[in-house]
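As written, the chains take the letters A, B, C and D, and residue 1 is the first residue of each chain.
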Amino acid sequence: MSKSKIKNIGVFTSGGDAPGMNAAIRAVVRTALYYNLQVTGIMRGYDGMIHGEFLPMNRKSVSNIIQRGGTILKTARSDEFRTPEGRKKAYDNLVAHGIDALVAIGGDGTFTGANIFIEEFGIPVLGLPGTIDNDLAGTDFTIGYDTAINTVVDAVDKIRDTAESHDRLFIVEVMGRDSGLIALRSGIGVGAEAILIPETKTDINALFKRLEKGRKDKSSKILIVAEGDDAGGAFEVAAAVKDRFPQYDTRVSILGHIQRGGRPTCMDRVLASRLAVAAVEKLMEGRKGEMVGLVNGDIYYTPFRNAIKHINEVNPSLLKIVEILSL
Amino acid sequence: MSKSKIKNIGVFTSGGDAPGMNAAIRAVVRTALYYNLQVTGIMRGYDGMIHGEFLPMNRKSVSNIIQRGGTILKTARSDEFRTPEGRKKAYDNLVAHGIDALVAIGGDGTFTGANIFIEEFGIPVLGLPGTIDNDLAGTDFTIGYDTAINTVVDAVDKIRDTAESHDRLFIVEVMGRDSGLIALRSGIGVGAEAILIPETKTDINALFKRLEKGRKDKSSKILIVAEGDDAGGAFEVAAAVKDRFPQYDTRVSILGHIQRGGRPTCMDRVLASRLAVAAVEKLMEGRKGEMVGLVNGDIYYTPFRNAIKHINEVNPSLLKIVEILSL
Amino acid sequence: MSKSKIKNIGVFTSGGDAPGMNAAIRAVVRTALYYNLQVTGIMRGYDGMIHGEFLPMNRKSVSNIIQRGGTILKTARSDEFRTPEGRKKAYDNLVAHGIDALVAIGGDGTFTGANIFIEEFGIPVLGLPGTIDNDLAGTDFTIGYDTAINTVVDAVDKIRDTAESHDRLFIVEVMGRDSGLIALRSGIGVGAEAILIPETKTDINALFKRLEKGRKDKSSKILIVAEGDDAGGAFEVAAAVKDRFPQYDTRVSILGHIQRGGRPTCMDRVLASRLAVAAVEKLMEGRKGEMVGLVNGDIYYTPFRNAIKHINEVNPSLLKIVEILSL
Amino acid sequence: MSKSKIKNIGVFTSGGDAPGMNAAIRAVVRTALYYNLQVTGIMRGYDGMIHGEFLPMNRKSVSNIIQRGGTILKTARSDEFRTPEGRKKAYDNLVAHGIDALVAIGGDGTFTGANIFIEEFGIPVLGLPGTIDNDLAGTDFTIGYDTAINTVVDAVDKIRDTAESHDRLFIVEVMGRDSGLIALRSGIGVGAEAILIPETKTDINALFKRLEKGRKDKSSKILIVAEGDDAGGAFEVAAAVKDRFPQYDTRVSILGHIQRGGRPTCMDRVLASRLAVAAVEKLMEGRKGEMVGLVNGDIYYTPFRNAIKHINEVNPSLLKIVEILSL
């Protein structure tokens, strides 16, 4: 490791919380200490940066947190950071606390903010992709996605018990306002009849045909609907289905906020740990303005402005699998 | 065991499914076989009885099901069973299959049907309390209740992660149209700020005061609302709270159907097993028209007409605990 | 509540840790605060009392711990507390910190120590049954037992997957040096072929017969052995089975320490909360020298010297159930 | 899809069972049906092939199994298949049942057998990597690995509760006779102090130094030992540690067979589904003698003889992460 001029790294979480954020915080802190740097926790993201919520961190600050959902540094929206005055206050606080580099854990809003901050004040920032949605370019998976899809699968496994017992059709809504990635993998994982996602135009008549055909030899059915699907959420889809098939015993389940929490999976903890180690090491080497991701098993760096471009393609082979296996 | 004249026991599940029903079915089948009786599974409750869906059962029929949610015998509503013609058909089918006694697993609708059936045809029936709601008289706990409250606790533990991270107030709706028992124990289990149940008049101003007071030193809050609360469901309560405290970051989560499914807990499996063994043994001894429950650790028999009386009292000491511990 | 002379309650955990201890600590702290008492956490049980590890506690000290396994107050053995000098030091420390009453959470060793302490110094102590073994008189269930049996059931459900796939006989050892209560309920919960516990003489030939008979129509089998069984632990039993049935594909699994940890179940949290509230209220009313338990749904008080008498009877109806259902 | 001459695909599982095998079986069956092929389940791997245990499969045969651990087709060793006579019998049975292609789900033993079978009889076989060990070349992950490492993480999270409460050092043995891959990722996931694996020479003195250094500010510690480590299993390592640090409160836990079972994770279900769809499609296109894996997100084909070469390198960046984060 080349000699670094960085002395004190600030770390914060921002945007929606995601399981594995604590594993990332732990790894940032321990890596900084391993390289004899100081490390400061900033509470509530940009808002805490503006209001001076700083917390010096040591090994003990992050012991026994790798397994916890949420984020010990908390997270918040910050309207004030959108103003030049707010950002100036934030920067002054960083200077006052001797913080000369940042690790920002979050999603597109987090990185957009970081980018402006770098442009205005030149402070080095690297980002870690912390969001359950998996909708950032530059990483195969975001921290929290693997946990979220397992939470969906666990919930739908329970729902299937009752669906089977009653020969019911369940329409289950999962998170994903702009992205169908949670719906897609969890839908394959639960053996869904069909998966409705914003990235593809939903053909409601094709759906009806599939339901009708499948009805003959399958008693229960699960449809997975991403909340941002163009056909509407689960309630809208259910209304259309009931209208067409009044004889079906149809139920709706909105999984909601349980998808954000819970103990992170092993893969999310490993991913968070790997990316965080790399982020600290690369800050020391002088990199900045990039999101640290994992692509094909290797650490990969993507400029913030590219990372936040919404991905609106889904793997067509995964869509094909749904079609093959559901019938 | 006195010599029994019973030769073939029919077993069925009816009403909403509940975790542990399979453990009960398994135990009915194995106990019948242990005592050299035949045993017949009846699919889809009273509806299958009317339509002749009968299934001879042996040890293998029930192997490897003790851990599964739902019911392998399925369950359904039956409007036809409400008619004398329907019941006549059902009885004729039982006679045709040589079934001379029944174990009915379900809730109040199940037992109401059983009672009429006994009156009209004299066939011996004993009931097992299979419902997540725990709202039957004559047993401390119903089969499925323990699993359901653990499912709620698991879900709210996840929600708390995100509530803590964002300093949010979550209003979580749990099952219980007429009964607050799921809300009450799960609410204590998650450390809820307040629990709103149909058995007590909800004082919305007292709730506001509690929220206001608690806000000072607690960042996140969980309210548990039974779906049948007199203040309305979670959305109504959330609207009132938002109106009074617009500054709170408030979210609603409707747990819904996940509460019915899932692998049964150990206690639900043990309860189901104990009650089912007793039911078969007591049918052989000539008892009928009763629900078999567990009261203070002992098997307890309650005439169907008493079991189905809705319990509308809750343990005041549990309510007091919520008040003490939430503040 | 009558006016209490108690001003500052000390709370500690001692002996083996058990899930739900944190829920108990939380409830002791919040109840004391509710009644305007001070409350002090004592780290590492009697050892911390001797070495002055005291921690003033407030609402925040116990927020977000109800769901955690282990004990935030830690626990330890204390040889020094067995000496009059050690106890004197402990008492002097209590006096120095103004602690005038204690809630002791633990098992028989904890209560034995508490009893001597009361005799020597007259300080009021009430105890909460915190042990996974469920072997204390005066309560239907101890705090931690319900979680432990569910942990066993979860583990054996996994083992059954592989047992079924390979047609194997698994001999699973669970905790219980002097008590078969974990083995008994979890064994019923997993549908064990047989359950070997210290309370009953193990008849190895009867076991062989049962295995032989069952082998005909069941492919996989689970035996549950309490570690303190008179036939030895799982390895000894496996050796005997292999000797008699060399053709069986037999495997051993020692579940070990996973049984002590994990998020407590809803029932363990509710039990811990109820007993802790009662303990604080009753200390205020002047009770002491008793374990607070739950018997038939009601709070029940048992003098320490009676609570620690080992229970060596098991419910014969549960043993009968194993016999009926396993064949 | 080009017109295929294949009419009836046989599918079987062989070797140790792994979570996700049922998801793979389901996907093989449904894909074959989707392409209007017949599909036959072969029970107990090569042994069932020899003894004629064949099962025609339809959609219903594989409904409601995607979430189950183990394998509904069972698995077994087959000494007879190692003989030319055994293999001849197996092949004759395939011919008699009209099976003209095979999907073999398992590990290196499975593929070794498949290779000989192809050489001797020319029947097309493709393989799916079904093993928790992740030790096959030609796929980033094997089916079952993700579930196994999560099972380890869940278990060690429980153990950590008790380790923290008692300030103990736990030495936890995980599966991996020749491979440290389960140990490596699960060890990072639980925040282990050190990870001992067969791929690297264990330096026991370096371990002692690390333990000593870490002891100063960390109360509990977890060592993860792969069963095949050159320093021995967990008991041997524990003996060495106790000898050097008699003052440590040290405990051993052998996780054992729970690592093979359990509901598969979402990723294992998706992986199994993708690979199985590809296997059937590629059999139809005339491929054979290869394992179907997933490398960098794309389907990848590896000749059996290359797939079974044991991988004895581990990602050095993962080992470095353990060193950085544990201190």
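In this section, a contact is a pair of C-beta atoms (placed from the backbone, for glycine too) under 8 Å apart; a residue touches a chain by one contact, two chains touch by 3 or more.
Everything numeric here is computed off the predicted structure, so don't read it as measured data.
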What chains do subunit B and subunit C have as common neighbours? none
Separation of subunit B from subunit D, taking each centre as the mean of its C-alpha atoms, in whole Å: 39
Between subunit A and subunit B, centroid-to-centroid distance (C-alpha), Å: 36
The distance between the C-alpha centres of subunit A and subunit D, rounded to whole Å, is 28
Multi-chain contacts in subunit A: which residues touch at least two other chains? 157, 160, 164
Answer with line, ring, star, complete or other to describe the graph linking chains that touch. ring
Across the complex, what residues on subunit D touch subunit A? 26-27, 30-31, 34, 59-60, 63-64, 66-67, 140, 146, 149-150, 152-153, 157, 160, 164, 185-186, 188-191, 217-218, 263, 265-267, 269-270, 273-274, 277, 296-297, 299, 315, 317-318, 320-321, 324-325, 327
For the complex, which residues does subunit C have touching subunit D? 13, 16-17, 19, 21, 68-71, 74-76, 151, 155, 157-162, 164-167, 170, 219, 251-258, 260-262
